[in-house]
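Shared between the two complexes below is chain A, which has chain B as its partner in the first and chain C in the second.
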Partner chain A sequence: MSAIVKHPFLQRLLRVPPAYYVFAILLITLWIARPHMLNANIMGIFIRQVAPLGVLVLAQLLVMRVKSIDLSGGGILLLVNYVISSGIFPGASMPFFIGLSLAIGTAIGLFNGWMIGKRRVSAVIVTLAVSIILVGFVQYLSSGKPPGDVPSYLNDIYNIKWGPAPVPVLFWFALTVVMALFLSKTVFGRYVTSVGENPEAAHFSGVPVERTVILAHTLAGFIAAVAALVQTASIAVGSVRVGLDLPILAVAATILGGVVFGRGEGGVWGPFFGVLSFALLFVVMTTFGIDDPGKLIAQGLIILLAAIFYGIRTSRSN
Partner chain B sequence: MLPLLIAIANSVYLGLRTDQFLGSENLFNLIAQAMPLVITAIGQMFVVVVGDLDLSVGSLISFTTAILALDAPGYVTIPAVFLFAVLVGLSNGLVITRLNVHPIIATLAMQYVILGITRILRPVSGGTVPDIVIQSVGGSLFGVPMPVFWGIAVVLVAWKLLHGSRFGLHLFAIGGGVANGTPDAARNFGVPDRRNILLAYVACSCFTALAGVFLAGRIVSGDPNVGLLFELDAITAVAVGGTQLSGGIGSLQGTVIGALVLALLSNGMNLTNVSPFIQTAIKGGLLLLVVGLQTRKKMGL
Partner chain C sequence: MACLVEMSNISKSFGGSKAVDGVSLKLMPGTVHALMGENGAGKSTLMKILAGVHQSDSGKIFRDGRKVGFETPREALEAGISTVFQELSLLANLTIAENMFLGREPVTAFGTIDRARMRRETRKALAALGLELNPDVLVSELSIAERQFVEIAHGIKADASVFILDEPTAALNAADVEVMNAQIRRLRDDGKAIVYISHRIDEIFGICDTMTVLKDGKLVATRPLSGMTPDSLIALMVGRELQDLFPARGTTSSETVLELEDFRIDPDSKPLSLHVNKGEIVALAGLEGQGQQQLLRSLAGLYRASTGSAFIKGKALPLPAQKPSGIRQLQARKVGFVPEDRKEEGLFLGLSIAHNIAVGLSSVHGELSIAHDYREAIAETMTSMNIRASGPSAPVGTLSGGNQQKVLLGRYLASGLDLLLIEEPTRGVDIGAKAEIYNLLRSFADAGGAILVLSRETVELIGLCDRIYVVHGKAIVAELPAETATEHQILNAALSA
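Up next is the complex of A and B:
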C-alpha cells in the first residue's frame, strides 16, 4: 500500500488540486447524461450565474493565503444591493453607485483587517459577527421586504455578450488574471506567500505581517464589493436574501482549488476551476433532480473531503 | 464577576422599566427561554476550552427537533437523537484530530451536511414531538417547573466533567498550551490530547442534542430553522462568561451567567419591542465587542 502511495507518479497526481479532477468528472458526467447541454451558449449562461461567486472567491483566496478567512461577504452583498436598489439616493449616477459600493466594501474590509491584524481577534468570529450585523441592519431598514428595483443599466451591462462569451464571465476572467499577476509579480504578493508559509519566520525576516494581513482583508472587502455589484446586476432587483450562502461557497471553491489556510499551491486558477466545478455541479444536480437540501449536503461534503485531502497530505509531510 | 453585575443591572432596569418583567410567569418563562442557550453554551465551552470552535451546533439543534418530530415512538427517537449526536461529535473529532483538518472547516462542513439532511427530513416546520418530551419540559414537579430541574441536572453533570474529573483538567491543560503557542505542551506531559479533544467534541454534540430535545419540547414540533445562528449565540454566551476563545481559561459558572445575560437581553428586547432584525445586529455587535476585548497571540483564524 505505502509503496503505491509513495510512487512518484501518484505523488504528482496528488499534488494537482482536486478542483481539476472534480471539474473533469462533472464534465464527463454531463457529456454522457446530457450531451446536448454542452454547447457554448448554454454553458455561457450557467457559467455567467457563478460570476459573482467567482469574483468573491478571489477575495477568499487572498485572505486564506494569509491564514485567515472572510465570511462577511454575505453582509457586504446585501448592503451594496440595498444601497443600490432601495432608492435612498434618487437619480444618482452609475459612477456614484459604483464608487459608493466599493467604498463600503473597502471600509468593511479595513475594519475586518484591523480587528484581525491589530486586535488579533479570531477571523471567523469577526467576519461572521460583521456579517450578521450588516444583515440585521439591512433587514431592519427594509423591514424584511425586498427594497426595490435596480437601475436598468446595470442589468444591461450584465446581459451584453462578446461573441459566445457573456461580459460578466470575461470580467471575472480578467480579474482572475489580474489577481494571478498581482500575487506572483508584486512585493505584496510575495509578502502574502511568506506570511502564509510561516508568520513568525516572515516577521523575523522583516515582512510587515500585520500590515499584510490588514491589507489582504481590505482588498478582500473591496473585491467582495465588486462581487456584490456583479450579483446586483445579475438579479436586477433588490433582495434581502440572495447571496447569503456565497461566502461559504467561496470557501468551498477555494479549498477545492487547492488553497488551504496558508498554503497556496492551487494558485489562482485552482479556485477558478473550483468555481467552474460548482457551476457544473449545480447543473448536474438539477438535471438529476436533486433539490436544495441535496446541494447543501454536497457543499458540506465537498468542503470536508477537499480539506481531508489536504489534511492527510500535510500530516504525511510532517 | 462583571457579567453577573451586568445581569443584575439588566434585571433591575427591566424590573423598573416594564411591569411584566418581575411577574413570576415571565421569570419562569425566562428560565425556559434561557435553557436551550445555557445547555448549548455549556457544550460549546468544552470545545472552546481546548481553543477550537464548533460551528455545527446550530444545525444539530434543528436536526434533533426534526428527528423527534418524526412519526415514531419516543423510545426510538430519543436514543436515536443521542446516537446521532455522538456520531456527529465523533466524526467532527476524528476528522480534526486524525485527518488534520482545521476545526472551523470541519465543523462548518458538518453544519451544511446536517442542515441538508434536516431539510430533507422536514422541509417545513411541523410534526409532533413525543408526549414524554413535552411533559418533561412543560410540566412541573412539586410545584416547581421542570426547566429548573433540567438546569440543575445539566450544570451538575457539566461541573463534574469540567471541574471534577481528569478529563476536564486535561482539556484545560491542552487549551493552555494552545493559547500559549505550544500545542504540544499537554502531550509532552503525557496527556492523551487527541483522545481528549475528540471527547470534547462528542460532549459538545451531546449537550447540543440535549438542548435540541428541550427546544423540541418547547415548540412541540420539528423546525428546520429553529437552530439558525444558535452557534453564534452560544459562542457569545461563552465569551461573555469570561472564557478565553484562545483556550485554557474559563469557568462553568461564567458560561451559565453569560448565557443568562444573553437570555435576559433578548427577553428585555422583546419586552421593549425591539425589532428582531435589530436584535440580531445587537447580538452580533456584542459578540464583536466581547471577543475584541480578549487578547491572544495568534493572528488569523
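Up next is the complex of A and C:
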C-alpha cells in the first residue's frame, strides 16, 4: 500500500482536489446513461438551484483557510429571508433590502470574528450558537408561522437568463472569479495563506493574525448575506425552515474541493466544482429515480470518501 | 563500597549530532554527585537515559551490579531511580495525593480507589521531608519549591535510592534553596545517591562531594570536589578551540540603533541598560535561561512582565509591547525579530521559499494592497544567501536544516531592516551552513545594520560578535569586548555574579 501511495504519479493525482474526480465521474455517468440530459437549458436549471450554496461556499472556504469554520450561515439565511418576506418594512425599496441584508450579515460575521479571533472562543461553538439564536429569534418573531411573500422583483431577477445561462449562475461564477483574484492578488490573500499554514509563524512574520481571522469572518458574514439574498430570490416566499442544511453542505463542498482546515490547495475553484458535483449528483440521482433519503446517503458517502482521500495524503506526507 | 548505579560507555545521538558520547558514571550511596558542563554538554541527556526518558544507542547501565535497561520513566522509578526534571512533570489540576499515585492508584476491596490510603501514604512521604502539606491540595496551588519537594516525596514513597535533581534550585529564591539543600543532605545521610545538576558554582561547592564534568557530550573528568577550586572547575568546563568559522570584525559607528534604559526583565529584577550601535553585532551571553530570551522577547511583545524604556534610533518604543501588535510595531520601525524555533515559529514548512520570504515584504502593507510577487528580490536573496533548492517554488519543508535557516534569515535580510533581534542564529545546522550564516550576518552589519543576538553556544557569540553582555539572574553582570573575551571569562562573570 505505502509503495503504491509513494509513487510520484499517484502523488500528483492525490494533489488534485477530489471534487474534480467526482465531477468528471458524474458527468461521464450522465453522458452514458442519460445523454439527453446534457443540455444547456436543463443543466442551467439544476445548477441554478445550487447557486445559493455556491455563494455560501465562498464564505466557508475563506474561513476554513484560516483554520476556522462558520456554521452561522443558516441563521443568516433565515433572518435575511424573514426581514424581506415578513413585511415589517412595508413598501421598502430593493436597495434598502439589499443594504439591510448585507449589513446584518456583516455585523454577524464581525461578531463571529471578534469572538473567535480576539476572545479565542471555539469557532464551531460560536457560530453554531449564533445560528441557533438567529433561528430561534426568527421563529419567535414569526410565531412559528411562515411569513409572507418576497417582493416579486427579486424572483424576476432570479429568473432572467443570459442566453442559456441563468443570471444567478453567472452571478455565482463572477463572485467566484472575484474571490479567486482577491485571494491570489492581495496582501490579505497572502495573510490568509500564512495563517492557514502556521499561525505562529505568521505572527512572527508580522502578519496581523487576529485581524486576518476577524476580517475573514466578517467577509464570510457579508457573503452569507449575499447567499441569503440569492436563496430568498429563488424560493420567492418567506419560510422559517429555509436553508438550514446549507452550512453543512457548504462545509462538505469545501472539503470536497480540497480546502481542508488551513490547507488551501483546492483554491477557490476546487470548492466551486465541489458545488457543481452536488448539482450533478442531484441530476444523476433524480434521473435514476432515487429519492431524497438516497441522495442524503450518497452525499454523505462522497464526503466520507473525500475525508479518506485526505487521510491517505496526510499519512504519506507525515 | 558497591555503587548503586553504574553507567558504562553510554552514547546517544539525536539526528546527526552526538549528544552523549561514550560516557561512564558511577553513583555511590551517601554522596551528592555534581554533573557539570556547559549548555548542551549532554548532562540532561545522560540523566534522561538513566531516568528512562531516552534510550541509549550503546552502553550499559548496572543497578546494584545487575544489568538493566529502562524503556519508560516508570520502569526507572520502579528500579528506585527518581528524577526531578527542569520541566516539572506534575499534573497541576490533580491533588498532591493523586499525583503521587498517578497510574498506580491503590484499590479497596470493592474495586474503588482507596483515597484514605493515598492520603495516609502521601502524608507519610511528605513528613519524611519534614513537610506539612495537605495531600488534598491541588498542585496548581503550590509554589515551585513545594512542587519540587512533592516530586522528591514521590521518589521517597517509591523507595528510590537514586535521586536525579536537574537544576532544582533554578527557580527558587534563597530561602527555598536552603530548605532544598537541607532536604538533599537528609537524603544523603539516609544513604541515597543524588545527582545534582546546577549552574550555580557556590551551591555545587556547598553541597556536593564528587563532580563529573561533561563537554560536547564527552566525559572530561570525575573527581572528588575536595581538591577543586571554582577556577579549576570552570577550566575543566571550557577550553574548546575556536574554529576558524568566523568572518573578520567590521568597524562600528557611534550611532545608536537600540538603547535600553532602566530596563527590568521582571518587575523585581535588577535594572539594566544596553545599547547596540550601527554596524555592530552585540551578544547576550551567559548560562541558559538567565533572562536573555525574555529580554529579547519583551521587545516584541512576547514577554509581558518587563518594564523600562527602549529607544530605537532615538524614538521610544512603548513597553510592554502588546502581544498581537508587538512584531508589527517593531517591523514599522525597521526591526526584525528572528525566532529560535524555525519549524514552529519561523517558517511555513508547507509553503514555497518564495512565500516564506515574500510574507516579510508584504506584511508592512495594508490588506487591500496588491501582493507583489517580489520575484527579483527573492531570486537575489536565494543567490546571495546560497540557498540550495530546486527553485523558489520548492516547499521549505523539503530543504535541509541549514537552508531552512537561511530562508528564515533571508526573509528579514530581504526586508531592508536596520536592526535584527536574533535568537539562536544557527540552531541545529551543520558547520558549513553555520559559517555561511556568520558571514551573512556580518555583511548585514557591515552594510549598516545592527544585530542583537543570543545563543546557547558561547563560542559562537565570541567569534561572531563585537561586544558581549553577560546576562545572569535577569541582570547584565558584565560587558566584554568579544575580541578578547574567552569562554572562561564569560562563565566566570556569570557564575561569580
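Keep in mind that, in the parts below, the second predicted complex is superposed on the first by the 315 of 318 C-alpha atoms of A that agree within 3 Å, B and C clash if a C-alpha of one lies under 4 Å from a C-alpha of the other, contacts with A are read in each partner's own complex, and residues count from 1 in each chain.
Just so it is clear, a contact is a pair of C-beta atoms (placed from the backbone, for glycine too) under 8 Å apart; a residue touches a chain by one contact, two chains touch by 3 or more.
Everything quoted here is computed from the prediction, not taken from an experiment.
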*chain C versus chain B on the shared chain A, clash or fit after superposition*: fit
*Compare chain B and chain C by how many residues of chain A each one touches, and report the one with more.*
B
*Looking at the overlay, what does A:Pro208 touch: chain B (first), chain C (second), both, or neither?*
second
*Draw lines from the C-alpha centre of chain A to the C-alpha centres of chain B and chain C: what angle do they form, to the nearest 10°?*
70
*Is A:Lys295 contacted by the first partner chain B, the second partner chain C, both or neither?*
first
*With the two complexes superposed on chain A, say which partner A:Lys185 touches: chain B (first), chain C (second), both, or neither.*
second
*In the superposed arrangement, which partner chain does A:Ile28 touch: chain B (first), chain C (second), both, or neither?*
neither
*asked:* Applying the document's definition of touch, where does A:Ile45 land relative to chain B and chain C: first, second, both, or neither?
replied: neither
*asked:* Just to be sure I read the superposition right, which of the two partners does A:Thr193 touch: chain B = first, chain C = second, or both, or neither?
replied: second
*State whether A:Ala174 touches chain B only (first), chain C only (second), both chains, or neither.*
neither
*asked:* With the superposition applied, I'd like the minimum CA-CA separation between chain B and chain C in Å.
replied: 6
*Just which bits of chain A does chain B share with chain C as contact spots?*
209-210
*In the complex formed with chain C, which residues of chain A make contact?*
185-191, 193-194, 197-198, 200-212, 215, 263
*Residues of chain C defined as touching chain A within the complex*: 324-325, 327-328, 331, 337, 339, 344-351, 355, 358-360, 362-371, 411
*Partner chain B, residues of chain A touching it in the complex*: 66-69, 115-117, 119-126, 128-137, 139-140, 144, 199, 209-210, 213, 248, 251, 255, 260-261, 292-301, 303-304, 307-308, 310-312, 314-315
*Contact footprint of chain A on chain B as seen in their complex*: 53, 55, 95, 99-102, 104-106, 108-120, 123, 229, 232, 235, 245, 275, 277-285, 287-288, 291-292, 294-301
